[in-house]
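Below is one structure. I have some questions about it.
The letters A, B, C, D and E name the chains in turn, as written, and every chain counts its residues from 1.
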Amino acid sequence: MIRLDDVTLSYKGRTGEVTALAHTSIDVKRGEFAAVVGPSGCGKSTLMKLATGLIRPTKGAVSLEGQLVTGPVKMAGMAFQHANLLPWRSVLDNVMLPLEIVEPHRSRFRREKAAYRTRALDLLGVVGLRDFADRYPWEMSGGMQQRASLCRALIHEPALLMLDEPFAALDAFTREELWVVLRDLWQRLGFTVILVTHDLREAAFLADTIHVMSARPGRIVETRTVDFPRPRPLEVCYEPAFTDLVHQLRGKIAEVRQA
Amino acid sequence: MKIAAEDITPVAFTVALFVIWEAACRFFRIDAFILPPPSAVFAAAAQYWWPLLKNSFVTLWTTVAGFLLAVVFGIALGLLVGWSRAIYRGLYPVMIGFNSIPKVAVVPILIMWFGIGEIPAILTAFLISFFPIVVNVATGLATTEPELEDVLRALGASKLDIMRKVGIPRTSPYLFGSLKVAITLAFVGAVVSETIGANAGVGHLMVQAGSNFQMPLVFAGLLALAIEGILMYAVFAVLERRMAGWAFRASMSAAG
Amino acid sequence: RADTDIKFALDWKFEGPSAPYFVAIDKGYYKAEGLNVTVDTGPGSVAGIARVAAGTYPLGFFDINSLVKFRDQNPDKAVKAVLMVYDTPPFAIVTLSKTGIAKPKDLEGKILGAPAPDGAFAQWKAFVKENAIDADKVKIENVGFPVREPMLAEGKVDAITGFSFSSYFNLLQKGVKPDDIKVMLMSDHGLVLYGNAVIVNPDFAKAHPKEVAGFVRATIKGIIETARDPEAAIKSVMKRNETGDEKIELARLKMALKDNMITAWVTKNGVGDVDMDRLGKSIEQIAVTYDFKAKPTAVDIFTSEYLPPAAERMVK
Amino acid sequence: MKIAAEDITPVAFTVALFVIWEAACRFFRIDAFILPPPSAVFAAAAQYWWPLLKNSFVTLWTTVAGFLLAVVFGIALGLLVGWSRAIYRGLYPVMIGFNSIPKVAVVPILIMWFGIGEIPAILTAFLISFFPIVVNVATGLATTEPELEDVLRALGASKLDIMRKVGIPRTSPYLFGSLKVAITLAFVGAVVSETIGANAGVGHLMVQAGSNFQMPLVFAGLLALAIEGILMYAVFAVLERRMAGWAFRASMSAAG
Amino acid sequence: MIRLDDVTLSYKGRTGEVTALAHTSIDVKRGEFAAVVGPSGCGKSTLMKLATGLIRPTKGAVSLEGQLVTGPVKMAGMAFQHANLLPWRSVLDNVMLPLEIVEPHRSRFRREKAAYRTRALDLLGVVGLRDFADRYPWEMSGGMQQRASLCRALIHEPALLMLDEPFAALDAFTREELWVVLRDLWQRLGFTVILVTHDLREAAFLADTIHVMSARPGRIVETRTVDFPRPRPLEVCYEPAFTDLVHQLRGKIAEVRQA
């Protein structure tokens, strides 16, 4: 579904260029759950923005469903690393934002507002924020903002879901709860996911393939297929094969950090 | 207690202003021709309350009409300018140039075309007041954090959507700031036009009174303008609290 | 047949001297000519000329000397005066008796306050010439209209230029005693200029000669009626001016009638006409203060074709 | 290529404006005493270049002097108003009222006190232009994200420190926006004052030309004002890029 | 050093009050390294702001060195949950900000600017951001911003260091590297630290005491002393006692989340 083909990206910057990605290639198939891991500042967020067409590659090509990406794509839902909730909208309105923009919801939005509202409230309920629906983003804690942002990425059930460290500000339990939510949703709807994370267990539990990136300028140095059977129960995390995988990934990252 | 203190200050300031003004007039024996004391001004206002009121209404409506034009046009132009850098660069100098020109010079042209009366007043109010709106809307758009825009762009939103959902709300505190400036300018514009050509309005009244050297009445006219300005401001203050309140959260958050 | 609507542009606000038009309205003189006249206030007797020239107003009441200049700058706009109202202009040098200025020559070594756009100050150079004043010895301060009289009263300037019936009353209001005010009419000191006249837009005049004549005739009736009974006439003004002081406006009207409207020449020759020789001379006098590109002649400026016969124009 | 296009637009817009103006004058046969065509205006400017230049300098310096006063005073007042809600509530209505009054009405008072000439012009320029600055500085302060202030507060910084290190920089894009409005108003103020009482300046020149019906010269005066306004704007545009460039990052980030 | 005594905090909010903390008491001694853990939205960040006097308690009292805290305290360095770097300052200038504010650096700042600059650059070097000193905050990735924010909290060597999830956006290795940096710094300078974290291993490795908070409204439900000998090597994380502690804490949080 998504292909980055020998992509290089340099930010202009104020005091000289920064090459964030150099000759990165990655291929994510339709319906695949891909995870990207790598050291801080290696270009993971940049990769996400490239894949959705938010920025254009300096060199190389990005294609989505075989078509060259030249501008923001219309089928994605994205949870940014910073929650980026709009401060003038209540939490509920923030979550409903994609419904106001993306077809077919957009044209139905006015008529079926009540139904969409219920849907958004339900989703907020799933992440434990139902009580905060009518509040403003800055009335919530960091982790709560991140959860709301996740809801915003999911509400319109996009064909492509981009998650940039969506659980970083959450405690272990909330995190695992949301893993399960995401897993079930993915299994039910079969969308494509790219997940950036620093938590290798998270990657191993959720993903079909894990891409390991090198330090800046980033590049995919290893791609691992995770073949634990689906659906995966949380208990899979305690299996030796799982721990092994995590350890191997760890080792790989340790290695690329040294280089 | 604190709220009470806040509510008193506007009154206190106004009263203080009048007291100082009166005192200065008496103490420095300022000629009533130059600056009549407030007591004389109020006396004149009481004596001529009906013409004052009538003419104030004329000015109020021309001002508001011109101002509303300016709001619509100013926001549209601000969005246009915020939209495209080429338009920004092309239009800004022209607008700056136009705004450096006293509108007094433009009024006669308007009067030639539209005759004296309300239309030139409305147009002058419009011409004088749209620029601050354009500047603040354009600045607001240009300084919008790209991260917030990305939220919409990632959804494949059109540029228009981005304007509506991010640009305009993000800009609204500054839009309201500029409206406060613009409404006062609109009053000035309407009055200036009335002084040059009108049979009604506070500007007309003031010139007439001025040509008879009824300075207290002239100042009563000024006072009427000030009051109208403050009234309009109050309207915006309410609108602002409703529509851009989110931006002023410093004062409302945190513990008490 | 329905009445023709005519918008008439006054030089200034509704004050005593504008009584004739309101009298003509209130007494139905215009109506009798088949005219429905509305009167609008104006921006001053100079700037408003353009409004008539542009056709915004078909008729207006403005300074004929400025019209001369306007015609010079815009030769293709045949705006003409059709009815002379101020046989002598109210241009004056106003001073206070304490300054000791009794004749024009005394201005030497003194400070003259004059707003740049003032109609009276526009004639200053001609005045200087006629009275052989050494202009270099008069210090001219460009003061604004609003501060002109106050500055004189405060002694910041020794004399001012202005319209007699404005400055005089402004000074009165300022609390200066009538005896202390010295008004030196320029027309008493060599100036042959005319004052404000009714002027007409050329296109309108061509299309509606009857209406112009009718307007002129009715206005003359208004002037004569005003001169006959100023006390009644002033009521017509005050009806339209809610903030004025009737006493002052009446005094102002009387002063204008005496000094400007009903002069000896007018009493003899009737209201509204001009002496073409004098008008020609006055253009020469304007040339002192102004560089003509192509000097207009008296016939370019004034036409008596719309005036009724002299018998109808006599002040009783 | 893109930069070239951007650099051309201001010129293109200006040229287009003059062409349209000239065409309109000819096509609609607009009388020269209403709106002279640019060709006549330029001719007048060429003929009277020296008085124009001389008077422009007078106006420029009075304007700049008044404007600088307004900047200092406006920022100070904006900070004060942004500092305390009581002061804000007390002062704002009074300021709004004052600004709804045409400054034309205040000039005579200034002339009485300071005589005709440059001081009233400077003061009028100041009075007319400080308000937009106050409004934008105050709005900027009031909408500063409390999180950023907390960074300083957590260090035990004084309120003054917070103003200096957070309030002012955070407000600077809007300050510059308001300066653009303020400088044009300052020109208007100076010119208005000159038309009422001055022996020099563009306003004086225009009044004189106007009373002789030299409309092309009047418009040449307006043109001179417009050019001066644009020059001053260019100065701020440079300052703005240096001092508030951080806020306009949308245009410079991301890939090319 | 810091005492919260039966503190309750309600935020006013736009649509009604939110009680973030209810009857919380905590006591952190001078030179102690305290960690606070708890579910998302339980009031940890609020606790930090209370301790530094950024907000005032609705009920109860906060005292620092025996003195009642009524306004922001002067001796603290704080790394916020969101990096909150000032966008108009370069990274270096952001890091040097405390030196411009806090005595005794403040009065020396002009004279010794070069020295302070070097000091800031060195600190940036430690977290791997030396190359980015002259860039603007928004030219850095999320993790890099967080590291810069950490530098800003440390640069003036405050007597009290408040860290609100300082390592959340970092990969495991960078994180461990910074643990060691923090550990050494603390051992050398002996300041007091309060660390909020979701990473129980982080808490167990660094802290002397770990406070577990209940779900909102937050309250300290358990305080554990960690008595692994100092200085602790990274290897301590692999000791059974360590893993045990982490498991117990985990259990405790699981329990409070249910309640």
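The working rule: a contact is a pair of C-beta atoms (placed from the backbone, for glycine too) under 8 Å apart; a residue touches a chain by one contact, two chains touch by 3 or more.
This is a predicted model, so every value here is computed, not measured.
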- [ ] State which chains count as neighbours of chain B and simultaneously of chain E.
- [x] A, D
TODO: Could you pull out the chain whose C-alpha mean position is farthest off from that of chain A?
DONE: C
Task: Among all chain pairs, the one with the most C-beta contacts - done: B-D
TODO: Please report how many Å separate the Cα centroid of chain A from that of chain C, as a whole number.
DONE: 83
Open item on the list: For chain A versus chain B, what separation do you get between their C-alpha means, in angstrom?
Closed with: 48
Task: Between chain B and chain C, centroid-to-centroid distance (C-alpha), Å - done: 38
TODO: Could you list which residues of chain B touch at least two other chains?
DONE: 31, 34, 108, 112-113, 247, 249, 253-254
Task: Junction residues of chain C, two or more chains touched - done: 47, 50, 54, 146-147, 150, 154
Open item on the list: Touching at least two other chains at once: which residues of chain E meet that condition?
Closed with: 11, 14, 54, 82, 136, 139
Task: Parts of chain D lying in touch with chain C, wherever the complex brings them together - done: 31-34, 107-108, 111-112, 115-116, 195-199, 204, 207-208, 210-215
Task: chain E partner contacts - residues on chain A that touch it in the complex - done: 11, 13-15, 18, 37-41, 43-45, 81-82, 134-136, 139-144, 147, 165, 168-175, 198, 200, 250, 253-254, 257
Open item on the list: Residue numbers of chain C touching chain D in their complex, please.
Closed with: 46-47, 49-50, 53-54, 66, 69-70, 72-74, 77, 115-117, 122, 141-147, 150-151, 154, 156, 290
Task: Parts of chain C lying in touch with chain B, wherever the complex brings them together - done: 7, 12-15, 40-43, 47, 50-51, 54, 56, 146-147, 149-150, 153-154, 166, 169-170, 173-174, 241-245, 248
Open item on the list: Residue numbers of chain E touching chain D in their complex, please.
Closed with: 49, 52, 54, 72-78, 80, 82, 84, 86-89, 97-98, 100-102, 136, 138-139, 152, 162
